[in-house]
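Structures follow.
Two complexes, one shared chain (chain A), two partners (chain B, chain C).
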Partner chain A sequence: MAGHSTYVPKTAVGRWFESRLPIVGLIHSSFVVFPNPRNLNYLWTFGGILAFMLVAQIVTGITLAMHYTPHATMAFGSVEHIMRDVNYGWLIRYLHANGASMFFVAVYVHIFRGMYYGSYKAPREILWILGVIIFLLMMATAFMGYVLPWGQMSYWGATVITNLFSAFPVVGETIVTFLWGGYSVDNPTLNRFFSLHYLLPFMIAGVVVLHIWALHVPGSNNPAGIEKKTDKDTLPFHPYFTVKDALALVVFIMLYCWFVFYTPNFLGHADNYIEANPAVTPAHIVPEWYFLPFYAILRAIPDKLMGVLAMFGSIAVLAFLPWLDTSKVRSGSYRPMFRFFFWLFAVNAVILGWLGAKPADGLYVIASRICTAYYFGYFAILFILGFVEKPSKLPASIAESVLGRQGSAAAVGASAAAEPNTKG
Partner chain B sequence: MATTAAEPTRRDFLFIATGAVGAVGIASAVWPFVSQMAPDAATVAAGAPVDVDLTPVAEGQILKLFWRGKLIFVRHRSAQEIKDAQSVDVASLRDPEADAKRVKAGKDQWLVVYGNCTHLGCVPLGNEGAYKGWFCPCHGSVFDTSGRIRQGPAPTNLPLPPYEFVSDTKIRIG
Partner chain C sequence: MKLAMLRTLAVAAGLAFAAPAFAAGETPVPPQNDWTFNGPFGRFDKTQLQRGFKVYKEVCAACHSMGLVSFRNLSQEGGPGFTAGQVKALAETYQIKDGPNDAGDMFERPGRAADRFPAPFPNKQAAAAANGGAYPPDLSVIAKARTYERGFPWFVFDMATTFQQQGVDYLVALLTGYEDAPAGVEVPAGKYYNKYFPGHIISMPNPLSDGAVEYPKTADGRPQAPETARQYAKDVAAFLMWAAEPHMEARKALGFKVLSFLLLFAGLLYFTKKKIWSRVESAAAH
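Our next item is the complex of A and B:
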């Protein structure tokens, strides 16, 4: 999407087409010759993995929609019909349900990678904010998808989450009634959630296009956090990164398949195999694992409105990260103090997730409050850190960070050994 | 420009008028798409009043029923439960409301409240919690025998549905 295209079609038909719609050249410049920093590690393969997961969810989801019935009296039965009667229905449904979890596994790695290596810093702020928007759309999609089987967890999850909006003064109750299309979660709610669950992935795909577009303006950040300066700092996307991405994807799919084939319900809740009953709430209602840290923040605050605001705020604050982190150095590898607080933040997020699954009383509530305080405190610490931290010395170039000073010198000397571009 | 800066031209008028008509047009086109999200006619029609016969509800029992798709508790309170509800210092409550305001005069034994927690809508469990009213298992809200919030995150008391006694043993909800 940037002007790197050197693509010249080999055939006359190709040239005729390219002069009318230069899409092959666009793909060529974006995913074939695009110069990536040569030091990208495996954490940079999660973008590709996420693209795969989005496609996988759309393919399995559209297939499931051919067999599913979005009606309060028939939805639960139609999911069982998919599991028992439809050829390979069990496989497609388990791929879709576990696919949602794997999608979030990948997105959390992707987000934490960006946070560690400072990928949100200038000139990549818009890229980062588009990522936060994708994350929000993913959460909305996953939530509505979880409602569709119309089990007990579906129903009560929908009730609790839609009721979050009732916390807003004056208009809250009206918003909730309009979300429900009735006076409680019922068939109209299920219908519109199905419609939106089908729509949102395509909106995600649209924002992903913008995300990649914004990425290809400055190019990828890298573990050294310094910009590419010369050709020696980069390698073409194909074959170097297509192969690296493909290897990571295959390993990731193995993990995905392990869940699908060996423990497909491990990440779900048994209560969701009981049909929705508006008269009884399950004893332990918890969201899916990927929402647990935010759920813990909601429950940590003893006030309803403040709890809801804190929960939404915990996601919204990410969008402001480019301006909350005042350090000029991008990569955490060169920020000794940052590293400590970053890893504490990561551990804190995991503990919040654990607390979100625990009952909301006693020590759990106190622990949730401490962890919530640090979650928000981290962003304040980042702000101060930029002024007080002394970063370690940055490498002079990406090539130097990979090859060391000598390798860099050799590369400058145009040595063939240090110039993979010439190998093939 | 310098000569007529303060004087609106015919072009300015057309610009504003066109913009205003456009804005009204967009708003009226959007309205049906917002309005369709509201409860539909069938859902509203399902809100016709329902009669509930109280004779089979024994003392201490909590009847669950639905009106307009919403869960309602009809609780037959014991003398002790009524006393507990009445003896509370109203000023000390989060959502101050006397028990007498929450039941019909002379019908202290019958408490009729919506059955969804005012926090996030779960169904509280009857005869549980520190006040033996209701306890919500989701986020730990505790209600007393008058359905008033006493502990936990819920901001308000369990609301009362509109109802009246049509006879000594029958109520009409709605």
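Our next item is the complex of A and C:
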């Protein structure tokens, strides 16, 4: 993916294999010698963290599926069976349930990182759009996964969300019947959700491959938001970024383990420990925390169809970001006005999340409307900013932004001497 | 950048603090108890779990099932710590419906350690019919199935303090929350007033009263713990917490090992990273 490989197998068998399937060379050029901008900060470690989380979810998920029973009368009991009787079942289940949350923590950091440093701008538009698709698939996967334990929140969450599709004129009812596999959320719904919950992570894995492929064409953006020009702007992926990614990953896993081992139900809902009961509606139907901002947008709009469109629109609009942001400068570090609106957007998203967990009445609705307006307004503001904002002075090169002017001059000799030419 | 961030954060904080003023509910927040199982190093108090089981068996089991719990769980590591012999003897005091046998008949046999706790009623409808139309919920995971809203900013701190006792605290509050209905509130026949029950009108009569359950005696002939309704409530709540999370002790113990290892690993990686990057970093840059 990184262009021509410089990899030369050392053994005869290696050479024989490589001339038939050059996969080791591909890995070598993508993850060993791949030239990364030397100024990447820790926000650039979240891509690796996300890859780890996807694998973690697939491994724990497949193990859960060995003991789980997708049937309306048995699903709840089978999850409890996993928690109580399966050896380390409690660990696998808590890893999977909290893993979904940590996956979203990482993806939100990753998305906001991209938004701050303008990573979506040319030539990385396709890369960005693939990211939005992964995000959508993750949401679908997590939503269907949450239905599987067949608790009260699973059942009623599924009912509320699938019902949204009935807002669409003409095709709405058909879509809902299709989702349910019947006339209400019931056993066929649970079965198809389990089937799709098993499938989608592998589709995500496929899109992740495209995502990384698209990344390795132009290479990573960086905090300065300027392209690499010479070899002294970059460092080889290994060992510099492998060790940095590993450190960040281990710290992230510590956070993950903190939840899993010490407060495993903090991110869940108590109601989901009550078995699904179509006759009893819970007092508050609240989605998982990672959906809350979008749920708040949905409820902010009084009209059902408009609400649904606004909710889907709030994610779809991200795909258009490369063309909505008109500024030529990528990095927010050099955009004083952008920075204010960006942080306001970030805080606004958190408040929307908080509002999504509150009942939809009184002041909460008004606050949700204001926040929804800013959510969409942000993209209009970005459009205008490109014309009115005066960016601050960009560094001449990535090396200069890290090492300063003198340092960068000194580094020429040093890196030229110490590093082999790794640019593909 | 810093300033803009601070400014927006201040706006957010202002909004968040203003909110509870218009979100006040009417059910009081259950008081917190000092549980032995609080925090990362918390463990269950075995004697408390044994007493709690006695309360469940002698009082609550008349109406509530606990269908996910087996007798054998009572002698499992990290639980009430009954011996296998005690569990076998206990199970044998129950008659369990089994079958069909080779002749096609259902039959009753003495319980075995592997049997689940038998339910007091044959089905939900029968349970509800016997209790004024309200089904007494299964208590297996009830300690995790009830909660109350912590609100901002507490829920943020809870991540660090690992506070997760909303459920058990609610159980104690519920079981000790019976009182006379305030003036103007009418309690229908067969229903009761409970301060902590959402909506206050509950179909469960006050199940606990002082002296109702006899506790094991210590060497000096006095009961191990006060035989009061309050103490019964705490003990049975602790027992229900264990029933809902039977592997809690194993979980926390493993967590300590895993996190200690990860901390060490992260430390080593930190120095490795520093060493490797020192080749290409000037003193000024990081």
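In the analysis below, the second predicted complex is superposed on the first by the 410 of 424 C-alpha atoms of A that agree within 3 Å, B and C clash if a C-alpha of one lies under 4 Å from a C-alpha of the other, contacts with A are read in each partner's own complex, and residues count from 1 in each chain.
To be clear about the criterion, a contact is a pair of C-beta atoms (placed from the backbone, for glycine too) under 8 Å apart; a residue touches a chain by one contact, two chains touch by 3 or more.
Everything numeric here is computed off the predicted structure, so don't read it as measured data.
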*asked:* After the superposition on A, what does A:Val402 contact: first (chain B), second (chain C), both or neither?
replied: second
_Tell me the contact category for A:Ala283 with respect to chain B and chain C: first, second, both or neither._
both
*Could you look at A:Ile274 and tell me whether it touches chain B, chain C, both or neither (first, second, both, neither)?*
second
*Please indicate which partner A:Gly206 is in contact with in the superposed arrangement: first for chain B, second for chain C, both, or neither.*
neither
*Where does A:Lys244 make contact in the superposed view: on chain B (first), on chain C (second), on both, or on neither?*
second
*Who does A:Arg84 touch here: chain B (first), chain C (second), both, or neither?*
second
*For chain A, which side has the bigger count of touched residues, chain B or chain C?*
C
_Residues of chain A at both interfaces, chain B in one complex, chain C in the other_ = 283
_Going by the contact rule set out above, which residues of chain A touch chain C in the complex?_
38, 77, 80, 83-84, 90-91, 94, 235, 239-240, 243-244, 246-247, 250-251, 253-254, 257-266, 270-271, 273-274, 283, 332-333, 339-340, 343-344, 346-347, 350-351, 354, 358, 362-363, 367, 402-404, 407, 410-411, 414-415, 418
*If you look only at chain C, which of its residues touch chain A in the complex?*
1, 4-5, 7-9, 11-12, 15-16, 19, 22-23, 40, 68, 73, 137, 140-141, 144-147, 152, 158-159, 162-164, 166-167, 198, 244, 246-247, 250-252, 254-256, 258-259, 262-263, 265-266, 269-270, 272-273, 276-277, 279-282, 284-285
*Which of the residues in chain B come into contact with chain A in the complex?*
34, 37-40, 43, 47, 64, 66, 68-71, 115-116, 119-123, 136-140, 153-155
*asked:* Can you tell me which positions in chain A touch chain B when the two form their complex?
replied: 156, 159-164, 166, 177-184, 186, 188, 192, 278-285, 299, 301-305, 307, 359-361
